[in-house]
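In the two complexes below, chain A is the common chain; its partner is chain B in one and chain C in the other.
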Partner chain A sequence: MSVFQSQARVVLTLSWRNLWRNSRRTGIMLGAIAVGVWAMIFMTALMRGMVDDMLNQGIRNLPGHIQVQHPAFLDDPSVVNSIAEPDSEFRASLDRLGAVRWSTRIKVPAVIASERETRGINLIGIEPAAEDDISGLPALMDTGRFLESDQDQGLIVGARLAERLETRLGKRVVIMSQDPANNIRERGFRIVGIYRAKLPELEEFNVYAARDTLQQLLHIEGRVSQIIVVGDDYRDIEPLYQRLRQLLPATLEARAWYQIDSYLAAMFKMMDGFVLVWIIIIFLALSFGLVNTLVMAIFERVREIGLILALGMRPGLIVYQILLESLLLLLIGLAIGNGIAYASIKPLQGGLDISAVAEGMAMMGASSVLYPKLLAADMILANVVVIVLGIVTSILPAWRAARLDPLRALNAT
Partner chain B sequence: MNNVILRMAWRNLWRHGKRTWLTVGAMIFSNSLLVFSISLQFGSYEMMIDNSLQAFSGHIQLQHPAYLEQPKIRYAIDNVTDRAQRLRDTLELTSISARAAGFALASSRDRSYGLQILGVDARHEPLVSTLPGLIRRGRYLEPGAREEIVIGSVLARNLRIDIGDELSFLGSGFDDSFAAGVVTVVGIFESGNADLDRSVAQVNLVYFQDSFAMGDAGNSIVIRAAQIDDVEPLMSRLKAELQGSDKVVARDWNELQPGLRQAIRADMTSAWFMYAVLIVLVAFSVLNTQLMSVLERTREFGTMMALGLRPARLARLVMLETGMMTAVGLLLGIGLGALITAYLSVVGFSYPGMAEMSVKFNLPERMYPAISLLSLSLGPLIVACGSLLAAIYPALRLNRLLPIEAMRAV
Partner chain C sequence: MSTIVCKQICKTFRQGDEIITGLDHVDISVETGDFLCLSGPSGSGKTTLLNAIGGLDTPDSGEIYMGDLRIDRLERGALADMRLHHIGFVFQAYNLIPVLSAQENVEFVMQIQGMVAHERAQKARAILAEVGLEGMERRRPAQLSGGQQQRVAVARAIVSQPDLVLADEPTANLDSVASAQLMGLFSKLNQDHHITFIIATHDKRVMSYARRLIKMQDGKIISDEAQ
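Let's look at the complex of A and B:
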């Protein structure tokens, strides 16, 4: 065994024993670190869960990760600004780009009238088979059935709209909209299904019919309003988006989700910053106690440190020993904190009911059940921040201890 | 005697200056952070409530009992204009305005969109809602004028019309008859809220009542209180006046916009979780410091007890030390927090991404924290309580101290 190794061993033993010389103080500090680390991880998991839910839902409501449309459609969402259905060449290249799912849809403003009421709505023509991956609509069906084919003659409305219209499943309603030549087109539809959205306000505005049926109604055979593209993961949509843009002719415009909804984009971007700020604030609150503990531990041992310095221990080893003591303290605290965090998040995985503030959450775009999301990256971040900054804050007390003058230290009272 | 204890406590505190300062430092850090974030919270809640209510719904509305659940034109209040006038007289408040609302299909020459048409009292509407003040082009409705309409900017763009153009609308009226008319666009408003700018238009109430066959009825009387604290007394007066009527009820802003208070509550809950963690961490710091300071003085305390000091007295000494330390942390923390907050309340505060978020909650792009006695003292006082609580354990330990053993302790 080399000298260095045996020295390291001795120092480790010294640090470990020193740590438990004042077990109460160490215990309290461990408690503080554990609570701090628990709070870092627990809060982050809750926030992640909420924001993730908001983003997932928000993107499903847009819907899609990328939307391709007529450049003027955004400003003027009229039937005039439609695009041709993708031809086979375009279809093939969409698949080649790695789009997980894509589909076309029609989206026009329309008026819906029951026997009693009239409302302005968004009339949306969908390809029913793709909706599961795109808007998740089939899973939201409350009563009745979902649309079965692109030619389905039925209509799907939200529960709230049905209430407002004083109509129900199986009843007929009249839909009015415009064709590209500015003629009002209208026809009766039977309500075949009623859905409940997680954000109730959507129920009032979005009405779904089959794509081909609407093309007929609006006299736009072979044309659609948008192509909706869904990639693998919305967080990592940039490569697909860039490749898709290069492929598109100038007559078409593609927009990624973060361009369509700046609120979602802001939430997404802010989340990482928020997590870091939260972890650092907790660490700062902890650091006072940590430095305090070390300073006191050194203060008590001034004579002892003087003695071992006088016996010839190198000051470097003193620094090393104190830093090691601090590291051990941090590691044990982290282990406990991580353990509690994991144990407290695990039982909440099934969802935390916060329906008491459901409408407030809806205002933020989140649903009333919160699913905490424990990300390995967040846990690692919290631990790394605590260890690295913890060691950094310990350097000054350790360095000052090593610079003690052996003679004076030995004579200290 | 008291003086002696005070001086002793103060001196004891500075026997380990570094330790005391570190503990006080933790307090100052937490206190100033709490002062800042609570002020910011209060400021933003106030603004969120004000801006949301002023935009449209007002603080209180009188409505037909069924209207809140089912906002249909036929759930109406009769004689709405006179009623509003009577309310203005009895409540001595001018910011009261009558409204009616219906849905219609609006068509320009080459576009049609469904929208909500509001019939408003052009004289009083600007007093209850900020919308009339947001006219970007043209002018707002003139009292009494007929056949004119103001629309939102998004709707104007979608309909491809401008000031002076005609717009026809078609909807169902009060008695399920057809309501139709042709109106001239006189003004275009831009609220920044795309939903509002796309889906709402206003005409004069009298014209609305004629076109939608409403007679003298309307759907709501909107009341804007001078300040949020006036809502409760107003509500109780209105409730007393409306007692026995099954046609009209008063709804306050909590009922009109339940999301608002809940969003605030959700935000409060998560904020207080964070504050609680900070407070607990400070308490740990105090516990550590005071326990250590008691333990290292065992001999000293033993001697004092042998000299006749009762343990309760020593416990009080320890609590007094903690109290002094807490007071220093409290004052410096509030001072520092107030300085930071005061500075930011002048220059404003913002972080990346805040602009996009604030639109959603009717907030401006920069936040100005609101300093008040409450926002300055609330957080620090709780920190102080937490610190004192944490010191109870070390203080109580003194009761178990036996003089002889204590004097022998190392």
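Let's look at the complex of A and C:
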């Protein structure tokens, strides 16, 4: 055993036993650290869950993780800026991309009229079979049925729009839009389904019909507005995005969700910074207790520190001993805090009903059921911040202990 | 590293507005294997001299040598090493580490020195037996009497066979029987291992064990006699 190992062992023994000398004080401090760590992780999981829900919802409303369209479509989303439906070769390439799902859709401005009201809307032509993965629309159906095929002649409207139009399921409405030659195209549709969106504002504007039916209505057979691609995880879309870009001809433009919606992108970027700030704020509150505990522990042991200095322990080892004491305290507190956090988050992962504040949540684009999201990275961040800052805040008391004059310390009362 | 030489060492303390002289141009030379008592009334400078020799206090002026090493100029780390490897301390108050058992207290210095575990445990048990504490190795200081604690402190001071043991009023808190046992032990260690002892005391019974007696008063050596 080397001198260092031997010294490390005696210092560890002293640190560990000193920790339990005043078990009540240590217990209180452990409780404070555990509650602090729990708060860090639990609240982060709630915030992550909420932001994740908002982002997922926002991305579903776009929809998709990546959109392929005519370069002018975002500025002028009219039928003029449509693209050709993928041919068989392009379809095969899209199938090989590694995406969860891809689908084409038509999106044009239109007017909907009932017997009593007329409203401006986004008329969206979809491939119904793909829509579960793309926008989740089938799950949002409130009454009636979802579209059954690309040639379905029915129309799906939002509950709020139906209310505004003073119409209901089974009634006929008229849709008017323009074809590429600027001719007004119109036809009657029967409302076959009514949906309720998580973001109620969407119910007023998004109206869905089958893609082929709209192609006929708008005289754009073989053309669509967008190709929508959905990957595994919105956080890790870059490789898929790059593969897709290499696949596309110059006449098409691909945009990832964070390029389409800068608000969502900002929210995503802010979240990590927000988590770090939150963790540091809680730690700052904790650090007062930690420093106080160490200072008191040192104050009570001035004579003892003087003794071990007098016996020949180098001041550096005193620093090491105090820091080790702090580290042990932090590690035990972290273990308890992590355990409580995990135990309290796990049962809530099926969803936490916060319908009491659902209206406010809806305004932010989040649903009334919160799904806490416990990320290993957040737990690691909380643990690393507590350990690193805990050690940093312990340096001053440790340094002061090491600077004690052995003779004065021995004679301290 | 053996002979201790102090040349013209002075030390003063400030107490409020008053300057108190701790050591006043003290010259002393201690040979290896000496058994020396510093005597004198309270405030005569015994403890101050002991602390200066032990590197726990720095004189205002003068020089202190341990062998060829000038110790009054060493920095904190080097002083700590010097104390660790060459000096054993026995303080008036027992000064044990309360969270360690008797054996662990005795092993403490050896552990910092880096001695292997089984060797230091063997030495610690042997020395505890020698000071009459066999069977009490696992007791914490709070479970030992004053005399037993002092014997643990003595065991800790001598277990690694330092060149020099500095003892400040080692019998002050002991009864006459325990004092006699302790001084007998010091004498034996001095004779068997040639460990140098410098003991500050005003206990006449302790002085009777010394082979050299230095009397101090007002920070000065007033007599230095062999016995």
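The rule is short, and it goes like this: the second predicted complex is superposed on the first by the 403 of 413 C-alpha atoms of A that agree within 3 Å, B and C clash if a C-alpha of one lies under 4 Å from a C-alpha of the other, contacts with A are read in each partner's own complex, and residues count from 1 in each chain.
Convention: a residue touches a chain if its C-beta (ideal position, glycine included) is under 8 Å from a C-beta of that chain, and two chains touch if they have at least 3 such contacts.
Computed from a predicted structure; not experimentally measured.
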Once the structures are superposed on A, label A:R21 by its partner contacts, choosing first (chain B), second (chain C), both or neither. second
Partner chain in contact with A:V35 - chain B first, chain C second, else both or neither: first
Per the overlay, which chain contacts more chain A residues, chain B or chain C? B
A:G222 in the overlay: touching chain B, chain C, both, or neither? Say first, second, both or neither. neither
After the superposition on A, what does A:V10 contact: first (chain B), second (chain C), both or neither? second
Have a look at where A:P249 lands relative to chain B and chain C in the superposition and call it first, second, both or neither. neither
Considering only touches as defined above, state whether A:P347 meets chain B (first), chain C (second), both or neither. neither
Quick check on the superposed pair: does A:L307 touch chain B, chain C, both, or neither? Answer first, second, both or neither. second
Overlap of the chain B and chain C footprints on chain A, listed as residue numbers: none
Chain A contacts chain B in the complex at 22, 24-25, 28-29, 31-32, 35-36, 39, 43, 46-47, 75-78, 109-113, 116-121, 163-164, 176-178, 182, 184, 262-263, 265-267, 269-270, 273, 278, 281-282, 284-286, 288-289, 291-293, 295-296, 299, 354, 356-365
Under the definition above, what is the set of chain B residues touching chain A in their complex? 16, 18-19, 22-23, 25-26, 29-30, 33, 70-72, 103-105, 109-116, 157-158, 160, 171-172, 176, 199, 258-267, 269-270, 273-274, 277-278, 280-282, 284-285, 287-289, 291-292, 295, 351-357, 359-361
The answer for chain C against chain A in the complex is residues 51, 54, 56-57, 76-77, 80-85, 87, 89, 91, 95, 97-100, 104, 108-109, 111-117, 156
Residues of chain A defined as touching chain C within the complex: 1-4, 6-7, 9-10, 13-14, 17-18, 21, 303-304, 307-317, 406-407, 410
